[in-house]
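Look for chain A in each of the two complexes below; its partner is chain B in the first and chain C in the second.
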Partner chain A sequence: MLTLVVAGLAAGGAYAIFGVSIVVLHRMAGVVNFSQAVVGAFGAYVAAIGVERGWGLLWAAVAGVALSSALSIAIGLLFARLFSEAGAAVRTAAMIAVTVGLFAAGFRFFGDAPRAVPVVLPGASVSIGGVVVTAGTVIVLMIAIATALGMGWVLSSTRVGVQVRAISERPVVAELLGVPLFARTALVWGFTGFVSATGMLVVASNLPGSFSSLGFLVFPAMAAALIGAFRRLTLAFVGGIGVGVVESVSSYRETWSEYRGAIPFLIAAAVLLWTQRHEVWDAAR
Partner chain B sequence: MRHNLRSRLRASLAAALALILLATSCSDDEDSSPAQQEAPATDASETPEPAEEPAEPDDDVQDEAPDDSAAVEPDDVEGAVPSEDSDGDEVDDVPAETTPAVADGTPIRVGNVSSLTGAGLFPEASVAAKAVFDRVNASGGIGGRPIELIIEDDGGTPEGAATAGRKLVEQDNVVAMVGSASVLECAVNSAYYAEQGVYSIQGTGVDPLCFLSSNISPVNTGPFAGITVSLYYASETLALDRVCNINLFVIPDLAPAFDGAVARWESLTGKSLTFRVKAATLEDDPTPLMLQARDAGCEAVVIDGVEPHALAVGRAIDAQDLRDIVWIGLTSYYTDAIASQLGSAGNGLRANSEFEPYGSGSPVLDDWKDLMNSAGVPLTSFAQGGYLAATIFVEALRSIDGEITRESVAGAVLSLEPYETPLLGTPYTFGPGEAHAPNQASKFVELRDGRWVTAADDWVILPG
Partner chain C sequence: MRRGDLVAGAAYIGVAATVSQLAGPFWLFLLTSAVITAVVAVSVGVIYDNAGLLSLCQMTFAGIGAWTVGWLNLETNLPFLAMLPFAAVVPFTAGVLIGIPALRLRGQNLAVFTLVFSAAVARVLFADGFPGLIEGNRVHPPGFADSDSGYFLFCTVTLGLIAVAVTTLRRTRTGRWWFSVRRSERATAAMGRSVVVTKLSAFAVSAAIAGIGGALLLALNGIVSGASFQPIESMTILTSALMFGAGHFEGAVLAGLFGQLIPNFLSDVGLPRDIAPMLFAVGGVIALSRGEGGLSAALRAAGRRLSNLRRASRVEAPARAIQSLPSGHGPTTGTTTVLDIQKVSVSYGAVRALDDISLEVPEGGFFGLIGPNGAGKSTLVDALSGFLPSHQGRILLGGEDITALPPRKRALRGLRRTFQQGHTPRDLTVGGYLKLASADAGTSVAEALDWFSLPAAGTPIATLDVGSRRILEVCGALISHPRVALLDEPTAGLAGPDREMFVEALASVTSRMGVAVLLIEHDIEAVISLCDSVAVLDFGQLIAAGSPQEVLEDPRVVAAYLGAST
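For the complex of A and B:
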């Protein structure tokens, strides 16, 4: 059993990165970013193509991560420009549209045939409980922890965090007060795009998945964000790791694994019920 | 309020744009298929284009790699022109000294339903079959009549397969199906073929009905007999006691056939599996399952899946240091792309080869290699299937006295003598049975330093 727990850490780390990124964007930009995983998938596939074309592992990975960051910044600027004053429902609808568009574009560029995403940092590894943990997994876990703790600190205790929150809540007022709207937006979206692409690169090299199946990794990430109630970064991190581990452990029995897709959401529901148990009806709504 | 309205308008515009994008990407995809179907029957250099993609990355590693530069060995030039020795057995009744007659009679129309777009691609079988027919046509065809292969793409979808089958049978009026390679064509069309009296010499049969139909007889072993023969190889040839099975190719319709394949091995050997596990979805990371197999004490694990699974499995073996176990993949693992992408990290991974391994230097492959190289078809297992199906079909056509019609072709197929070739471990048969699975043998190949090498030169043949 310990074997399976450790084996689930790689996927869990990636889910945690996506989940934490989703929570960060929700708090800073007021958007539920359904495209978190598909943006990362673009980076992973560009890296795969780069390696096929002989760019070398490092440059291919850099190109992939850079593309994901740029794509994420573009989405962020689009939202800052067009939907900064819009309500949550409109933003969500627009986000779904962008996500569907990205899936379509990815399908157009990469097709539906799975591709070999290169292994970043091959060779280096440590062994825990009979399972080899690769360097990639360790890096993903560290990025996830750093993002969760670092962004929490940025949001609550720094000037940049305050500015970004101001932009998300009163964009016009913030701009009048001299907050550099585009620079701050680009910073937040670019950062989440960067960490997502890194997480995707590591997790995709283990998976026999196509572009769309990588993009759909946003579902376990959503479960992680939900566990954090779209507010708490550390809970989202724990949720992401938990979902990855539960997925891995559920392969232990066929009867469990059949329901695997639903398990993260059952956990999320249970966690939400527990964390909000003291809330009165109005507050919890 | 105005603001809100405007952003709503923008949101719906964005949504519409996204939908249009989605629609164009889908329709473009469908559009691309007719271009491949309508490949002109005369131009052999153009058709392999869809086939090149999957084989692309491997060019540099293998010495028998399918790229054109490696292919131009001195004796290959003969392959371009039909000659006495390169033609081998299938056209030996045409005297070699006669100048190739022009086959200008009414074409004999033959159909082929293959997955050329979609999730699982099998582009080589149909172009390989076409190469065989083109060679026959260049030396006079069948009694002056050329063979015209009409290739239809099923897009890997049931609707696509049904449309393709009906178009070929009713509109093009084909006499038979030859060299089809698809994940689901048999399941969709076998009943229809039986109803219409059309027979299919399948190049690559995957779904269970390919091996359970009165009107279809595939040249390949297929995934189910492939599992049985791989288990048999582990327990009997390698004489390992603790044999296990991991099922990654988890499509609900295929589950009973995979269970049946394991049950067949159990009844053949009287042994039982030490451990068996199934993945939850096709996209799962196989690592947790493979670690469970190690913890269960497996000595050999037969593991299925499609080509991307091979990569994930090979990487997990390397990353988790699982080389103490003999890992045996299905024939879908046996591609040059997998060999070059895994490199020496994949050392020790084995797979079954349904025909004489295409990478082996065996002289029995010479005619096939010459023909494929001259037609620009990548040297893969699927190309062997298409080549064999077409070669056997030509043999059946030549046995017909009188007019060549769907009925006379059916008669010829049903009375076909067992076809022996060193490319197959068991003779190919058709005949009037209710089910046909003539290929019950495999050879086994092993990855060594980015190359597949034949692990043992003897066929492993399932008894009974």
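For the complex of A and C:
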């Protein structure tokens, strides 16, 4: 059982990275990024191709992460240009459209056959209480924790954090106050693209890696972000880990594991039933 | 049914019949797929364009419909037509069930929740294969339609019937409430309608429509796998529905046609088929950036502009002439208290937005509530109508404690309100809105239109100016003969003579009806002429109350308005 819990930490850490990134971007840019994982998948696949072509592991990884960051920045600038004054529903709908386009582009460029994403990390592992924890798991968890805590600090306590929150809520006012819109937008989107690609590179090597299945990591990540109500970074982190661990533990019994795929949904539904038990009204007075 | 509808219906059937005779098997298959995609697009139109809810599980509902029919086909000997209703009923039920945790979600949260749901169903239910898939147990269309052209016609007629049903539903109360909830959940609840029931009905109806689409797809192919019903397919159909504007029938048909024809066209010209979703993505983003409604709304707007050009002179909006009213007596205030506000306090963190407010609003007549911006007037209205998550103190309506009641129940007990921002749904007509507001009681729509000389019942709200929309909202609050109407700045947006006439009409209507009005107003003249008593708020405190003259001479009130330090 403990082995299963530890095994779940690796997947849970990945969900947490994407879930936390989604929450960060939502707070900073006011967009629910359905493409968080697929943008990372672009980077992981470019790195994989790079390794196949003999670029060397480091350069391939750098190229992949750079591509994901650039892609993310491009999406961010598109949104800043077209939808900065649009309502949340319109932005969400537009993000869905963009995600559909990215998946289609991914199929086109990479096909949907699984491809081995290079192992970026050393295969080292430590044994804690008889349970083997791989270095990959540790690093995934560290990235997730660092993102959650670091970005929580940036958002609440730094000037840049306040500026980007101002942009996400009132772009025109923020611009009138002299906040550099272009630079800040690029920074925020570039950063989440960077985190997604790094996280994807770390986790993709132990996953059955067809392009779409990497992109579909967004589903459990969305469950995690929903658990954090798109606001709370720590809750999103806990949610991601929780979903991963429960999924893993569910393979303990065969009857449970049949429903493994429904676990993100079940956890999200349970959390929502609880958090939404009081009536909440739409924003406009 | 209108004559234009009949002509359009006949033309639709005529085109379908002609196509079914002329097209070869390949094109018939393609077009039948297009018609089936259009059915699912109609379901997106209901949930997104009508009710304003973003659902990312429409293809999941289609899959549940197909799964149901596949299972029935395997287990029973029912003919296709007998199985088809189940393809609607089972997704309908699933829609209600999935709706329950999602009830209070909106916007992005609902989109995310439905996406996670569709991923779960795809992995748990669809991944193990559809019933009949392994056995090779094919589902056949009904005998009379068991040919390429026959099944194409069958699907076309089904799509047409669904479109007629949806159009009819949009004109019923249920459908009108969808538009209302899309515009504002608060306003919907303030008219006494459950937001939850409204959303749930839209969700369930759209699930049922999508389920029929799934069953039709199954009978077209004989057997299906889960591949057609993955979350990404739901996202794709939403994207093309956004691009073409599936809220209108022609938009749904275009979404279906292009969804099938563009990939085919691409491969004909030597391009890969699978870049089609990229085109939809670009189209969807462009459509969204130009405002909602997609291509079909743009086409309709262009059509309206054309027909307006053709008309030599446009119909002028009727001048707002309020019939002269028996003057000489203002509204009479009763002696009993109808709305008793006892020690209401509201805090946001350290800020006390309302501090221990007690007021007694008497039966009939006007009670003025004034104060500078930020004094807490609208917060008080929110507290009274039930929109604040929590406050202290008690509120009694006609002696009954309503403090714990949700907004809807307060509205049903005779407490109606209007909103400062104006929340009339632009997709409805004037008459349609008033019918919703009246709850089939109180005054008839025709009579209510006469009160304030509002435009004819058939006028779309979208064509009204801001002032008229505001008057319409006031009219909606009064039409059900409430005991108390809370009017939040009803004259904002009205100028000069319009304003005077409206104020006069308001006095006459409310006095005949005997409704008590709590009037929030910046127009002091209106307050003086209408109100028997006035209360003044400043920084959440009640600083004065009494007759308008007394209150306005109170030095604290003067200081509050002029900003002098006290």
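As a working rule, the second predicted complex is superposed on the first by the 266 of 285 C-alpha atoms of A that agree within 3 Å, B and C clash if a C-alpha of one lies under 4 Å from a C-alpha of the other, contacts with A are read in each partner's own complex, and residues count from 1 in each chain.
The criterion applied here is as follows: contacts are C-beta pairs under 8 Å (C-beta built on N, C-alpha and C of every residue); 3 or more make two chains touch, one makes a residue touch a chain.
The structure displayed is predicted, hence computed values, not measured ones.
When the two complexes are overlaid on their common chain A, residue A:Phe83 makes contact with chain B and with chain C alike.
In the superposition on chain A, A:Val131 makes contact with chain B only, not with chain C. In the superposition on chain A, contact of A:Leu201 is made with neither chain B nor chain C.
Touch criterion met: A:Phe107 reaches chain B and chain C at once.
Shared-chain residue A:Val24: touches no atom of chain B or chain C. Looking at the shared chain after the overlay, A:Leu272 reaches chain C, while chain B stays out of its contact range. Looking at the shared chain after the overlay, A:Phe219 reaches chain C, while chain B stays out of its contact range.
Of the two partner chains placed around the shared chain by superposition, chain B and chain C are both touched by A:Val98.
In the overlay built on the shared chain, the residue A:Phe34 is in contact with chain C alone; chain B does not reach it. Overlaid on A, the two complexes show chain B and chain C touching the same residues of chain A, namely 82-83, 86, 90, 93-94, 96-98, 100-101, 103-105, 107-108, 258, 260-261.
Those residues of chain A whose C-beta lies close enough to touch chain C in the complex are 32, 34, 78, 82-83, 86, 88-90, 92-94, 96-105, 107-108, 212, 216, 219, 222-223, 225-226, 230, 258-266, 268-269, 272-273, 276, 278-282, 284-285. By the touch criterion stated above, chain B contacts chain A in their complex at residues 3-4, 7-8, 10-12, 14-15, 17-19, 21-22, 24-26, 28-29, 54, 56-57, 118-119, 121, 248, 277-289, 291-292, 295, 305-309, 311-312, 315-316, 319-321, 341, 345. Residues of chain A that touch chain B in their complex: 3-4, 7-8, 10-11, 52, 82-83, 85-87, 90-91, 93-94, 96-98, 100-101, 103-105, 107-108, 112-116, 119, 122, 125, 130-132, 134, 205-210, 213, 248-252, 254, 257-258, 260-261. Against chain A, in their complex, chain C makes its touches with residues 48, 52, 54, 56, 101-109, 111-113, 115-117, 119-124, 127, 184-186, 189, 231-232, 235-236, 238-239, 242-243, 272, 274-278, 280-282, 284-285, 288-289, 292, 378, 382, 387, 389, 406, 419-421, 423.
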